[in-house]
Every structure is written in C-alpha cells, then in structure tokens.
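Each of the two complexes below includes chain A, the first together with chain B, the second together with chain C.
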Partner chain A sequence: MTPGSPRAEPPAAGRAGRLALRALARIGGGVLVLWAVATLTFFALRLIPGDPAQALLGGPGSQASEEALAAVRAEYGLDQPLLAQYLRQLGRLATGDFGSSYALRTEVAPLLLSQLGGTLLLAVLALAAGWVLALLLASWSTRGGRVGERIGSALEVVGAGLPHFWLATVLILVFSVGLGWLPPISTPGPLGLVLPVVTLAVPLAGFLGQVMRESLLDALEAPFALSARARGESEGGVRRRHALRHAALPGVALSGWAFGYLISGAVVVETIFARPGLGRTLLNAVTERDVPVVVGVVLLVALAYILVTVVTDIAARILDPRVPA
Partner chain B sequence: MSAPGDASSGPVLRAADLSVSFGGRSVVRGVDLEVRPGECLAIVGESGSGKSVTARSLIGLAGPGAAVTAAELELAGRSVVGSSERDWRGARGRDVGFIAQDALVSLDPLRPIGREIGDSLRLHTRLSPAERRRRVLDALASVGLPDAAVRIGQRSGELSGGQRQRALIASAIALRPPLLLADEPTTALDVTVQAQVLDLLTSLKAGGMGILLISHDLAVVAQLADRIAVLEDGRIVETGPTEQLLAEPKAEGTRRLLAAVPFGRPRGTRLSPDGPPTRVASAASGAARAPTRSAPSPVTLEAVGLVKHFRVAGGRRIPAVDGVSFTLEPGRTLGLVGESGSGKSTVARLALALTSPDAGEVRLNGQAWSTLSERQRRPNRSLLGAVYQDALSSFDPRLTVEGILGDALRPREPRERRREEAVRLLELVELSSAVLGTRPVHLSGGQRQRVAIARALAAEPRILICDEPVSALDVSVQATVLDLLDRLQRELGLAYLFISHDLGVIQHVSDTVAVLHDGRIVETGAAEALFRNPEHPYTRRLLAAAPRLPEPAG
Partner chain C sequence: MPRTSRLPLLSSALLGALVLAGCTPSGGDGGARGGPGGTGEPVAGGTLVYASGDAEPTCLDPHVGGNYPQALVSGQYLESLVSRDSDGQIIPWLAAEWTEAADGLSWTFILREDVTFTDGTPFDAAAVAANVEHVKDPETGSSTGYLAMGKVTAVEAVDARTVTFRLSEPDSALLESLSQPWVAMQSPAGIARGIDENCEAPIGTGPFVVDEWVKQDSITLLRNEEYASPPADAAHTGPAYLESIVWRFIPESATRYAALQSGEVDVIDNAQPDTLVAAAGEDGLTELNAPRPGSSNRLELNSGKAPFDDERVREAFIRSASVDAGIETLFFGTAERSYSPLSSVEALAHAEPDLFGYDLDAAQELLDDAGWTQRDAEGYRVKDGQRLTLEFPVSTNQSIPAEQSLFEQIQASTKEAGFEVRLSLLDLSSWYAVLAANEYDVVSAPYTKVGPDVLRILYSSSGITPAPSGYFANHAQVSIPRLDELLTLASQTSDPDARADYYEEAQTIVLEGFYILPLYDQQNHYLLRDGVRGLRALPTVSTPTLYDTWLAEG
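Right after this comes the complex of A and B.
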C-alpha cells in the first residue's frame, strides 16, 4: 500500500544514507562469507587423503624420515588438535598472514599480491571490452529490423557458448600463426594483452548482449519512448538519452557474476597464453598440492568477488532510483 | 522560430480523408477532423475503434508498418502531408504537444522530470540551460505542481499518479504548442485527481490551446469537449456539439456508449444492449442446472474490526487497514469504494484470508475463518471466489482457456467431465466454446475478464470478491461485464464484495456502500441513500469529482 501523495519527497540525503548503510551491511555479510570460505577450504583440504607433512617434504613419493616428518609437523603446527590448527589458521588469515608456499618456499601474501595486478588488469579490460561489444551488438541488431535481431541473437548465442580454450587456440592460429599480427604468448606491453582480453570478452559479450538487447527493445517500445518522440526527439536521441540506460541496468547487475566468470576464465587463458597471474598460480598450486597458495588464491578471489558484487549492487541502485535503497 | 500564434484565426488542426492501414488492414478510414484555437474536439470510441492510431498518425508516429494517407493534414496552419522525418521532428513538441496513454509510465523512470520537460526546449530552442530551467519551472507552475524547484530533480517513481500526469502535461506544453493531443489523459487516475486534470485541461483550453481529446468514456469527455466525434471501426459515425450529441444521439454506436455509462443508472438496469437470444437462452439453461448441483445454503462473511499494518521505508509501520467491519449477505452486493492507497485491495486479501489481520477477525458463516490455519480453511476455500483487475496476469500464460478452467475444476470434477463443465462455465459467462483452445493473450479484455469470472465460478463459490474487476476495461465492455455479474448474482444467489475506485460503477452495482479513506470506513449505508445524501465530507468530495453526463435536457 502506498499512500497517494505524501510519499512524494524522500529526502535525497536519506537515500544516500540508506545506500551507505546497505553497503556496510553487505560488507559485513561479505566478512561472514570470507570466514565460511576459509573454514570450508581448511576442512576440505584436511579431508584429502595424504599427510600434509609428506606433501611438504616433496610429496607422497619422497622418502622422508620419521624425524624429518615430525620436525615439519611441529614447525607447521600439524601435530596439534584439528580445532587448534583451525583457530590458529583463522587468526593468521585475519592478520593477512597466508603462510608460506610449500613449493616455492616464499611467503604467500606477497606472492599473490605480485600476481594479482596482472589478473585484475586482464579481468577489468575483458569486462570493459565485453560491455562495449555487447552494447555495440545490441544497438546494431535492434536497428536492423527482424533480420538484424535474428543475426544479433544468433551471434550472442554462439558467442556465449564459445569455450575459452577453443577460442584462444583459434585466435592464436589465425592472428599469431597465420597473420603474424599478434604474439602467441602474452608478452609484456599492450599487444600481448589483445588476444587474452578478446578470448575472455567475446563469450561474456554474448551473455551480456542477450539481456541488453532484450531491455533495449523493451525500452524503445516503452510509453516513455513514445513521449520522447512526440516531443521531437530523434531516434538516435531516444536511444542515447533513454533506451541505453535502461539496457545497461541488467548489464550492471550481471557484472558481479561476470567478474567471477572472468576470474575462472583467467585460469585457462593465463595458462594458454603463458601469462603470469592468479589463475596460472592457482593451477600450478593445485597440481603441486601447495595448500597455502590454494587457500590464499581462493580467499583473495572470494574477497574480490564480494567487493565487486557490493559495488555493482550499489551502482545498480544509483542508476535505477526505482530500486529501494 | 516562427510564431505559431498567428494562426489563431485558422484551425490548429485540419485533417481530411485521413486513413491508416497496417499491412493492408484498414484501421482508420477516411476521417475528417478540425480543431480551432481554444476548442476541444473529443474522439470517442470503443477500444479497437482506431482512436489512438488516429491521434498518433497526426504526429507521424502511427508506428512501423503503418501506411498513412490524407487528402489534407495541417498542423498549426502548415501542411505536413509528405513531410520528411526531420520536418515531423520539428513539428512534434513545437506545433503539437502529445500526452500519451498510460500516464503513469509515460515519463522515463530513470530521468528527473526536469530533464524530461526540458527536452522539448532543448530540441526546439537555443535557450541556455539556465533559461531552460526557468521555463521548466514555469511549465510546472502552469500545470499546478507545487514545489517545482524540488520536483524537477525527482523521477516519476517519486511522484504520485496525479503529479506524474501534471509533469507529463508540462512536458507536452512547455513550448506552448497551439494544439494538444491528449490520449486518455485521465485513465488510471483516481476520480479526484481526474477532476483536477480535467480542470487543468479546461484552463489550457481557455488560454487558447486547441485540444484533441481521445477517450472511451463519454462522461469524462462531457466535462471538457466542445464537440464530439464518435469513432466506430475507423469511421466517424456521428459528430456534433457536445450537448446536442449527448441529448439526441443519432448513431447506434453513440447510443451504446451513452447507455454504458453506469453513473445514475439504478441497480439492475442493463448497461449493454441485449446479447443474441440464442446465447442468453443457453446460458440460462446452464445456469438453471447450477443450483441443483451445489444445493446452495446461505453463506455470510463477516469482518470485525480488521487492522493491518505495513512497514514502509525507514521501518515505520503505517496502518493500511484500520478498524474495518462489514457483512456480506447472500445475493447482495457490498460496494467498497476508495482511491488508490485507501486499503481496498488489502481488505480483499484479508477477506480471502490471503493475509492475516494484525487485529480483528474475519468470520465465515459465523465460524472462525481468518484465525484458522490454512489447512483448516481449505475445505471451505471453495465458498470464496476472486476476480481481479488484471485478468491476464492472473492466468498462467502457457495454458489455454480449457487448461485454465480445467485446472480450476480439478478439485471437483474427474478428468473426463472437465471439458463438458468448462463449456458449461463458458455458457454461464456468455462465451462460446470456441475460445476453449485459445490462450488468454489472444482474447480481448472483456473476454479475459469473462474467463476469469468463469474460473472463479468453477469451484461453485457462494461469495465473490471482485477487486476492481472492470477498471481496466472500456466503458462499453465494462457495461457488458457489469450486466453479466448482475445476472450471475440473481441466478446463482451470489454475495459480492465489489471493490472499485469508480463511484459510478459502485453506485450501479451496490446494495450497500462503504467508503474507504486512509484505511478507515468513513461512511456506510444503503447505496441509494448514501449517494442521494452523502454525509461525510470525503464522500461529498468524491461525488463532486466523479465525471457524469449532464442531466438529459428533457
């Protein structure tokens, strides 16, 4: 029930305040999620058969002596009860101490931080490129009548369905091996980024394009678009000033999901293009059973994911005043 | 900018032999129109008569695939026949303002209304942003929207229905165009707001603006129009000065539209012409069987001191329903009238026990109802049926009419009997069995509401809760549905809780009326007495605002 006229003036400051509160609440919830992720990974890794001390000393094949194993257990606290180990790990994680890598014998935190930049750059560029591609595709296909729509929709479905490893291989074959325009592996510098970014952006653009085209079409048909045309607005003006913003809304809402999608895609893409980053670090750590690094990457990705969803949640509410703060 | 004002002597709109077709299908056929400055011409017709298409073709926005031809088409003294898209854009907003149907969604919900209104100025003038802002404030003041300086920063979602309509009108008249096209400008608005909007349009007319008003409701039109043109199937079947046309309607279509207006028509009088005799006969035979099946016993529903609170933004609790009591008796109609936000629909949900009251109780046949658990209520659920305003969204879009009715019949009838029963229900609501295989999207508004009523009757209820059942319908379709409900009540002895914002409808259907205002019943009584002698100031205000036809002059 909404009482007729009195609801007219919600003070803008009140809405901003509520948005800030909401962001805080979401971040609070995010901390809980991080705790849950840390707990789950801790116990999940203990459930894997095999002795962590054994892994530390070179894996199951190693001929480590009992004394050496005991020494390692004492050093890493593995001889203590599980609950004590869990609490100790939580305490360490809370202070940003991720322990040290079994395989590389270095601190995990600085290792991850050094890899984070490359992956973030890749993800952000791919997200931006995906957005631009999706908007272009949506705008173009809604201009071309029914045929345009069919083509646009087909391109989106195919794009969304392309697996990263296949797309990356094809791109390398065409643009590196065939045409020789771009390096086949990710060399430092902007040229080396092109193929990895395109590999991640194309399937994403397929997903985003589908929802954007739908809402773009809805907005172009909406009564407010008719009002705008009746004021003398041109077709381009209706798109720029009205429809595109409506089309962007579901895209913004999906960007939180898209970020997670890109990070998981980065595992494949960084490996194929031999590009340093979190994804490749994670893959190596998993194959080498490097538990602290795996835990570190999982937590870092979870943290990034939480931050991005909070940001997109708030952004969607700023863009669309109809959504309650 | 050329001054459009110097056309003050000539007509601001002249159309001769205007026709519109979509892919060979003629929608508007040879319409002639003329509007002079300071004059209002109303085009009245049922839905599908082509009135909206006519209005939109006058600004070159009849839609993709529309073929528009006209011997003459002049806006503000300039011919626009064969205009380029660019010329059309120049004329829209400057020579002619347009208020689209669906006032509530005709402003972009993502943009502040100041921008929306300022767009006309930005597109047609070279004013600086500061000057535009000043003109926008002027426009908002001229449509009577207070606190204009605050309003221009707000979006349409932050405004009430009446405020939105004012803002929309402001955006259409920001440049003071000599002609205003208003397509159903008061549909979906509360009666008091509707009266205010009509007053606003009247004052614009007095200021010299020519208005072309589109409506299905002759009672609304009678307030504003100097001349009326009745459109039927794309043709003007009658045109003339308002008083004359209302007093001595010549065309059959005009008479039908006049008869459909419920206000001032006593309960039980037909609003629509009689249906074909065969259909009525078969419906009557179907109905005659119904009572033998259900062995009706009198069922009453009683509400005592209902209270329901809702939480609003900021955690405050406001009462939506505050101490409402009433009794529904067999074969009688309680009309519940109130404006949007008065708590009408919450009362309906409370009566159906779809939501539980914070205080008070609903009793069915003297037994507990709202206090029971849903499991305990279920055996008696079939005693209550519900019909809503938006029939279409109350159907599963994948189901055909047969599926919808079959679903409702499932608790009562074995599978092999359902089709036969569905046909009988359709006869009861005067629909042919040919619609069985149709999906509701392909039915007309009136047919959909009939299917919704048939579904409500499937469980053989004794009480129908009708929440704005005719508010989404044209007056003429509304008339047929009201006649149907009246017949069903007499034949089946149903009790109705009839909820509406429309006083005319309430007066026509009710035995007893309760006026709901801010969650409280401010006045209740026998329909006739209450409308003849309203006591509460709010009831008086509602009555004064309700559009009605002028008393027939002899």
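Right after this comes the complex of A and C.
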C-alpha cells in the first residue's frame, strides 16, 4: 500500500467484518471499564469523610435528630456493611437500575436523562465550534509562512492553557456586563448558549489546532501533495482535496478525548453560567455524598466516552485506509 | 390566670384589615393599575426573576430537613401561625390570637377565619395538628422544625378554629419557634401525598403557588388569586401584585451580579462584599441588608480539650486576633463588628466591646502564665514538647471567600503571639465529620433561629454530647452549671423582664469566659433593580417576601 493511493484497499466486505469485530471487542472492554469506574467511584466516595445521612438531612444551621438519621439510614441501606452496600448497588446497576437519589428523592435514571440533554448539547456544540476554530486557525497559520506558524502556534498554546473559569468570567464581563450583547445565564433562546460554548470551545480549539497544524504541514509536504501539484492542482485544491483529510485524522482520534475534556469542563461551565446539566448535578451530588447520583453520572459519562472512542476509532479507520481494520 | 396575647391592638387592626380585604377587588390580570410613572401606586402584574446564590433545595417542603435555602423560597407559598415585626414582637398571621395557660404547659391558638389552602382544603385546627405531627414524625426527616417542636407533646383540635398545644415543660420560645418557616402550615391533603410528591410542590396558604420545578434551573411560582391571609405587618391585603415569580439558582456570585446588571434577573441574594461595593457605585441598584436572627457569626473556641481548656489561652487567642482591620479591608464596610453571641436583630442581644480589644502584649503575658513559654524555630510556642497548634476546619459552604480571608488574617495575627492556626477548607460533609470527631479547636458555625433561645442550643451543656449523627451545637463545649440553670429558667419563665435578665447573665458568662470571638452578624444582603418596589425581608428569619412587591414601569 502506497500512502495516498486510496485504490489499494482490501476487499470491502472483509474489512467491514473486521471493523465490526473490532467494535465488538472494544465494547466488551468498555463493559470492564464501566465496572471499574463504578467500583472506584463507590469506594472513593465512601472513603472520604462525611456521612451521607447527615449530609442529606442537615444543611447549615439545621441539626438532624437521632430518629431522623436512623430512619434515613434504614431507608437507604446505609446501616449495612460497606461491602454489602457495594454488592447491592452493583447488582442493581447490572440490571440497569440506577437506584434513587439520597438527596433529591427521585429515581436517578430519569433525573440524569433530564439533565443529559443540556450537557450533550453543550458538548456537541463546543466540539463542533472547537473543530471549526481549529481548522480555520490551522489552515490560516500554515499559509502564513514561518511568522504565521509562530503566531498560530502561540495562539494554540495560549488557548489550550486558558482555564474555563477564567475565560468564562472574562467573557461575562465583556459581553454581558460591558457590551450587553449576550446573557450571562441560560435563556429560553439560543443566545444563552453562546458564552458557555465559546468558553469550552476556545481551549479545545487550542489542543485540536496544535495537532491539526502539524499534520497539515506534513501532508502538504508529502509526496501525494507534490504529485497533485505536479498534476496541475491549485494550492487550494491540494489543501481541500488531499491535505485536510490527513490533517483531520489526529483531530478525529482526539475527539474521543475531547469529549471527556468537555464533560469535565461542563462541571465548571454549567455552574458559572447557571445552566442545568450533568456537570452541575455531579458537583452537587459529590458535595452531598449522594452516591447513587455520582455513580450514575460517572457511569453515564464513561459510557458516552467509550461510545465516542469506539466511533472515532472506527471513523479513523474508515478515513484512513492505511490503518489496519 | 391565662396570659393573653400582648397584641390586642394589632389583632383588631388585623381584623379591620381582613374586612377591608373582603372589599378590595382582587388584583388585575397583568393590567397596570398604578398611576403614571409607576412610582407611588403599586402596579399589579408582571414576572419577577429572583436569583438565589444559596444551594438549590433538595425538597421544597421545609419540614423535610429544614435549611435556609428552603426557607428562602418556601416563604412565598407557605405561611406560619405567627410572625415577628421589626421591633421583635410576635404578631398574628394564620393564628389571630393566643393564650398561654397559667402553668405554661399549654397554649391555645384561635385561628384566622376563612383561610383555605390552595388545593381548597380549609385551614383549620385539624390542619395545624396534622402539620405538627408531620414535623415530629421521624419518617419526615425534619431536623430544624423537629427541634423547634421539641417540647410539644400533643396538639389538640378543640373546635375548627381553636387548637391547643400541650407541652412537656413551659417554653417561652414557643411563639418564636412557630414563627419560623420550618414549621409553616401545609395542606394535610398535600402532606398525605407522601414525601416524594410533596417535596416537588408543597401546598400552602401563601400568596404564590408552586407551578413547576425544573431541577438545577428554576422554580416557577404563580399568584394565588384567592389569597387572603397576609401577616399583620404586610403593606396591603388581597392577592399579591406580581403575577408570577421565576426563582432561579445561580451559584456563581459574579454571574449572579452580571445577570442583575444586564437585567436578566430583578433580585439577587447572597450579594458578596465586593459586589455590594460595586453596586453602590452603580445607578439603578438598591441594597437590602437583612442580617439573620439567632447567633452572630463568631469563632467558637473548643474549651473541651487542650489547649483551650485553659481560659488564659482562650483569652490570649482573642487578644492577639486582629479582627477589626480585617473586617474593614475584606468587607469594605458592608459588615459591622459584633461583640455579642446573638445577632443584632435580637432585642435581647448583649454586647461587651471592652472584652475584645486587640492587645498583643497581654496575650504574650497570658501565654507565659499558662506555661507556653518556649518558642520553636518557626516562632510557635511550645510546652512539654507540644506546639501550640489550633485546628480550624472551615466549611466552604458556610464561609464566603471574604470570611475565609478574614480567617487567614486572624491566623497571621495570632501567629505573632505564637499560635499555629491550621486552616483547612472542607466541604460540608467533611466538615461535619471533623466536628463530630472533636478534631477542632476553633470553628465558625453560625446558627439561624428566631429569638434568644438559640443560646440554649449553643451553650447548654447538653449540646456537647454529639447525637449519633455526630451533630451537636455547643461547639465551644461550654459546660457551666449556672449557665445551664439560667438557660433553663429563661426558657421556662413567662415573665419577659426575668427572661431578659436571665439571657443577659447567660451571655455575660459566655463572653467573659472567652468562649467565643464574635465577628459580625450573619450577613444577608439582597440587591434589587430600581424597578422592584415593596420588597422586604420578613423579620423572622430575614427571608424576602415578595407579597408586597411590585414592578414599576421602566
């Protein structure tokens, strides 16, 4: 197989079959990961100090009576040995039962589903915006010679290093308080999404841009680009038809990681911009030692992460015939 | 001889108001009724957006658990038997009048007539009994309300409008306890739906009704068009002016203020010192300062173990802590120094400013006397090979950033005397755990309660033994027989003057024993847009009531 000669593919059916097998294997591994994640989360939460019963009965300035605590402990099985609680929870999770929240007195599954939409929307939009920003930056900076490269590289490094909370505060100060263009909190319309999406997308674009620019530069100097130019293809054509596809590859591979990055960013962004979502749910649940909700969110995020990784893995193989199926 | 309510005048004024209420046409459906410009005459209609920086409640029924975030929102849809006016006097609300039996072991309340819950259930004596029962039921998981009803053994419906509370011992704080939102009255039919459903939308008699609760986002409240039971000190009668309230949760202080500035929200709570200073320089924003009742914000020194079991060491710590300068620089004049265990809202608060002057030399001398004569390489005092170390767990849920910085300044100034203060920032659950394990020497744990009876919770020796929950309120671990006696006497007397004397002596003992270092009132600042009129904090637990509130045009 010569790089850049897409005709050299093996028979399609065999490759598709191997891709499917690969996906299955990855999903099997994913189940193991989910079990490990559930176990770690459960014990981590129970090892840090704090009694869930106390936390869910007492806020600042209130004190729980003995009877109330006993009732709560019995109601949630908190009086059982830790191992028994763990096994019980694992058994429930295996059957798809996420249990009910200690603090919110609702089933975990519907609660998470109601919060999932907001976070997914935020993550998907931020991923898309991050991609667009990174591609724009990468193609602009590779055109600008050494100076362009330097500037592009500097922008990416700075962007990637921006903490979400800082960026969010600056954006609010400039665009909500200063200019009055955009609301600082979620609104019924799409306007309220702009600042949170930008907050998440800018650092992400910094990361994506770095790898994309490198591979775009490599691709532009690769033999296939040379031969395309020799065939009389314009520079824009070389970029669009040949080089960008190569530049996108590491970006696609990174998108799985990016998704995890965005979800962790959502914890900060949802809190600052007062948006409903899984990130804020997770933060509140950890504070309240609401184990079922924390385990639920973490599992859901891990599941999404695994799915995205499998999809990007397969996508990378479809995009790049060099990678064996 | 039964003692009648001390407020006959107010009671008759209330009856007059009720008659008037019957004649007043109910508020229009969004149409402006006010005069031009909307400055003087209240205007009915409109939606007010309230942004809370407090945690989102996990249950909207304040009987369950019972914390301040619940009190903030539930005051819009639930009402109590009595309220408190700005002079600290108990005034009628859902109860029109009351009498205490001569032996103090029972109280009889005459309920207001013609009040119905928003589900149509009549508000009557049986409903009051059902509510107290609900609060006392361990299944409810009530903590604050449960404590408030601690001495109530039974509630009997004498007739539809007469209800008698039976007590295990006299309780001079009963009316104050009943004024709190954590024992507000709910429809028995609503309670009967079970905790899960009732938590989503409790049914009360209040000026607003819970319409929808979108978790992590907002609660929508709609006007109760049949409303007819304002407290005796309300500014108007009949339904509320506002058509609806959107109650949002914006945890981040800067975002909350930005949302107020950009007009997305009309009112914010938990305005921080820096925000207040910024807002003071801005047109179109008004501040409402409503310190919480009960205790002041104060450092409690754990006298139950070394080194603070020695009064000289406690005094040395207090003398070497530079507080005033810190409050000035960190709170920018938004908080006033306190010298009392009680909030300045409490009429019986007793202050002793002379005890708390900064005096490093005196502190050094006291520590020398107490045997902490050596210093180690880092400048900390040492005795018998032990460093003079103080564990200071700080709850990040309760201490705002400015307060955390103040603690750091206290840490720095007491270091000069040779104290090593170890601050640890903890989330609420970890903080509770550290207190329960008695692994602290200094702690700040303000307590919100209506009336001076909070002293009994905070300084009675019975509050030292942690409940199995690990929770206890006497963090200073004060154990003085005379103090216990005073607090009991105060809670049992029906003579207001004697009560005041007992509480003054009790506060003197706590202050002069150097068990606490008072800082300031529990800060509670609201900011509102200028168009928001008629908003006030209820003088019970200083939560805002939006009943009299209206939106001026422009």
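Just so it is clear, the second predicted complex is superposed on the first by the 277 of 325 C-alpha atoms of A that agree within 3 Å, B and C clash if a C-alpha of one lies under 4 Å from a C-alpha of the other, contacts with A are read in each partner's own complex, and residues count from 1 in each chain.
Note that in this section a contact is a pair of C-beta atoms (placed from the backbone, for glycine too) under 8 Å apart; a residue touches a chain by one contact, two chains touch by 3 or more.
All figures in this text were calculated on a predicted structure; none of them were measured in a lab.
J.: Applying the touch criterion given at the start, work out whether A:Glu214 contacts chain B, chain C, both or neither, answering first, second, both or neither.
T.: In the superposition, A:Glu214 touches no partner, neither chain B nor chain C.
J.: Let me test your reading of the model: by the given contact rule, A:Arg280 touches which partner, first (chain B), second (chain C), both or neither?
T.: In the superposition, A:Arg280 contacts chain C only.
J.: Check the residue A:Glu149 against both partner chains and state whether it touches chain B (first), chain C (second), both, or neither.
T.: Neither: A:Glu149 stays clear of chain B and chain C.
J.: When both complexes are superposed, which of chain B and chain C contacts more residues belonging to chain A?
T.: So, of the two partners, C touches more residues of chain A.
J.: Contact-wise, after the overlay, does A:Ser114 reach chain B, chain C, both or neither (first, second, both, neither)?
T.: second
J.: Please indicate which partner A:Ser176 is in contact with in the superposed arrangement: first for chain B, second for chain C, both, or neither.
T.: second
J.: What residues of chain A sit close enough to touch chain B in their complex?
T.: Within the complex, chain A contacts chain B at residues 1-5, 7-10, 12, 14, 18, 222-224, 226-234, 237, 241-242, 245-246, 319-322, 324-325.
J.: Which residues of chain A touch chain C once you look at their complex with the stated criterion?
T.: Against chain C, chain A makes touches at 48-72, 103-106, 111, 114-115, 169, 172-173, 176-177, 180, 183-187, 270-277, 280-281, 284, 286-289.
J.: Any idea which chain B residues touch chain A in the complex?
T.: 56, 59, 61, 89-94, 97-98, 100-102, 105-111, 116, 119-120, 123-124, 147, 150, 153-155, 157-163, 168, 171-172, 190, 310, 313-314, 318, 320, 339-341, 343, 345-346, 518
J.: Along chain C, where are the residues that touch chain A in the complex?
T.: 51, 55-56, 58-59, 65-70, 138-144, 146-147, 182, 195-196, 199, 214-217, 248-252, 254-256, 258-259, 261-262, 264-265, 294, 395, 397-398, 427-430, 432-434, 446-449, 467-473
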